[in-house]
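Per-chain residue numbering starts at 1, and chain names A, B and C are given in the order in which the chains are listed.
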Amino acid sequence: MSLLALEGVTRRFGAVAALDNLSLEIGAGEFFALLGGSGSGKSTLLRVVAGFEPPDAGRVLLRGADITRDPPPARDVAMMFQSYALFPHLSVADNIAYGLRRAGEGRAAIAARVAELVALVGLAGMEARRPRQLSGGQQQRVALARALARRPSLILLDEPLGALDSGLRERTGLELRALQRRLGASFVMVTHDQAEALALADRVAVLEQGRIAQVAAPRELYERPATRSIARFLGAANVIEAGTLPLRAETPAPAYALRPERIRRVDHPPEANGVTARVADLAFRGGDAVLLAQVEGGPLLRVILPAGAPLPEPGASLHLAWDAAALAPLAA
Amino acid sequence: MRRALLTLGLLFLWAPVLLLAAYAFSDSRTPFEWGGFSLRWFGALARNERILEAAWLSLRVGMAAASLATLLGLALGWVLARHGPFVGRPVFGALAGAPLVLPEVVTGLALLLLFVGLQALTGWPSQRGAVTVWLAHSALGMAYVAVLVQARLAALDPRLEEAAADLGATSFVTFRTVTLPLIWPSLAAGWLLAFTLSLDDVVVASFVSGPGATTLPVYLFSQLRLGMTPEANALAVVLLGFASLAGAVAWAIRGRAG
Amino acid sequence: MTRGLAWLALLGLVATPLAIVIGMGFGTPDSGVPPVIPPIGRDGWQGSLEAWGLIFEDSFYLDTFLRSLRLASVTAALCLVLGFAMAMGIASAPPGRQPLLLALVLLPFWTGFVLRLTAWVGLLRDNGWINGVLMQLGVIAEPLPLLYSDGALLLGMVHSYLPFAVLPLTAALAKRDLSLEEAAADLGARPATVFATVTLPLAAPAAAAAFLLVFIPAAGEVVIPEMLGAPDSMLIGRAIWGEFFQTRDWPAAAALSTALLALLLVPIALYQRLSVAK
């Protein structure tokens, strides 16, 4: 039995369906990411699970029990809010203890649990501070500890890394995943950052216009995007319509996704799965370089040249090639 | 240039007040005539029972009115900020803002006629006095509190209350443990504003008060429209001292609440 | 429940009193207690148009209204100009200093409204401070009749209402985006042009609100004219006050109040719209 199941959930705002007959199952102990652009419905989905948005249709099941009509306080889920929503008038310890107090636990039990959580997220010694006296990363950890305090079945994380400086994001994300693994907790994370979703999650659902476009493990999602839009969204793949280039694919399809890093420079023009193109633009990015190559009478290809590769002159003509396995067939 | 104009404006606001304060320490019986330094008018003030009685009444009415105004203003501000669109909302908003802008004579007359009408219909209030002034000043003050509360609630991150609900708090507990602590500076400011309004009101109190319930401003108005006394200067100094003290306290509270 | 309490407060303490004022304008003066026969009694309608007839027939009241609106306009305009200058000064001070400057604007008002006016009386009257200084300096031989004049009235009005203009203007100006003015200067505008083409237009809604916030209550002012103004200069607030307290003609006071409300309806609606738009 899955931990969380959504069955045909629909949520409309006026004429717009933020969630459109959406079904999804998430297992216990899973780190699940909901990935999508703004307006894709990913935050609404999180709020439906937390109980802040009543669905217009469909059911929400937690461990098989229907919680669709339960108010937020009654749900065994905890949310880590975007920009954390820490109570500014309460200390770190009181923020973490908030949910425990509502549950009516005893003083000693609360104190012990708070001490445990403070140690878990590495904030020992800061219990008396107010949120505004903490750095962004420390606030993030208080928010996580607060959500974990009552040992909910499911933790919902709304853009957990979004408010952090880019330098801190990667490390905090890895810590988040390590903690999740160690506790065996179930995480559902909303993010618009594809790298974040791919790096942290066990499975990723891509949302488009209130519907799930694809659910897959990160590697599969990246290598085998189901649709043109997912291909463009994830890693900015080249979408090549069948017939516009000399292709020899493993599976016939109306179009293929071709990762920019799977295209390589070759010395001689290949017969198939390759083209001759002109350098339209070139940008050095430190580790690698992005090349925009214009195929005469064909598409503009995005190519990533590996570190150390010699860079062509703008306007120069060059030969490009790829393997048949690099062509991921697209359904739509 | 900007600073010069500001200084000029502040000077204009302060000049009569400073003069008033300075001559409170003059020994002369004629106000605004220097007769050497003296504290005699403060002593005379302390012995003036009419003024003290009126001041005591004003203080009590002001505190009671500020408290009721804060309660009602909280309800008004809450509805305005949180209840979204509902039937009659434009009327609600216009009525809630009306006491802010109505001329005092109109408010005073309107509330007096309300009390007279109530008395004719129900026998209550049997006479006008402290209670009617209290209600009138509450009506005046609640609109000011409502504006402050509404602004504070609108600026409050809605996710804080959602976080409380998510952590298991019922709506009442959320209000008590999260909302109230976060909006209380606006309630304190509103209380203070309503208190000040009550303490300074001549017109409305003149309409709705009755014999034996003369507030300080009404008493001063009746006395000073004819001529002033040095005791009045001393009173101004005392009030200014209290106000500065209250201001400093409010400042400290604001500093703590951030 | 909250909404019920809120409606109760508004209907009981705001809507009903205003409705009674409007109704009372159709009552008849009487010698009893209260000195009025209400327009609706046991036998149904018994009202009269006497009070309204008085207002429309006697040009005295029309003049009174016009004088009040003129005084309110001039007061509001002066408060707006002076208040804008002061608000600019406060808003361009370092942020840490701004609360102190605002406190300096407000503090004089806690001496009490009536006492503050007595200070002006002390300054302006024949044997008052200003005349005394001028006579000692030999500038004048006889005291100038400063008090109980339109000038004294205006001085007292501006002095009393100035903070009403300073507060909203400071709030608006302190929040403004300074980079807009820098952009204008960068594009070649001189300081006066920057002010006229960027600062002023962006502050226009706040300025309108400040003007109305002074204008509306000033139109019905009672106490300041009573203490500083010329005795024969009749204003609508004083007229209502007089009809109520001296003549004891409640219907006339109510009808005049209703007329004042009707005149202020447009400014009030405008103000509420401006303060909501904020």
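The rule is short, and it goes like this: a residue touches a chain if its C-beta (ideal position, glycine included) is under 8 Å from a C-beta of that chain, and two chains touch if they have at least 3 such contacts.
Predicted model, so just to flag it, every value in this text is computed and none were measured.
Chain-to-chain contact here is organised linearly: an open path runs through the chains from one end to the other.
Looking at which of B-C and A-B shares more C-beta pairs in contact, the answer is the pair B-C.
For the pair chain A and chain C, the distance between C-alpha centroids works out to 59 Å.
Separating the CA-averaged centres of chain B and chain C is a span of 17 Å. Averaging C-alpha coordinates per chain places the centre of chain A 54 Å away from that of chain B. Chain contacts: chain A has no residue touching two or more partner chains. Across the interface of their complex, chain A is touched by residues 157, 159-160, 162-170, 173, 177-178, 181-182, 257-258 of chain B.
The touching residues of chain A, counted against chain B in their complex, run 50-52, 71-73, 75, 77-79, 81-83, 85-89, 98-99, 102-103, 132, 146, 149-150.
Listed in rising order, the residues of chain B touching chain C in the complex are 2-3, 5-7, 9-10, 12-14, 16-17, 19-21, 23, 30-32, 72, 75-76, 78-79, 83, 86, 92-99, 101-107, 109-111, 113-114, 116-117, 120, 135, 138-139, 142, 196, 199-200, 202-203, 206-207, 216-217, 220-221, 224-225, 228, 232, 235-236, 239-240, 242-244, 246-247, 251.
Chain C makes touch with chain B in their complex at residues 2-3, 5-7, 9-11, 13-18, 20-21, 24, 34, 38, 82-83, 85-86, 88-90, 92, 99, 101, 103-123, 127-129, 159, 162-163, 166, 212-213, 216-217, 219-223, 226-227, 237, 240-241, 244-245, 250, 253-254, 257, 260-261, 264, 268-269, 271-272, 275-276.
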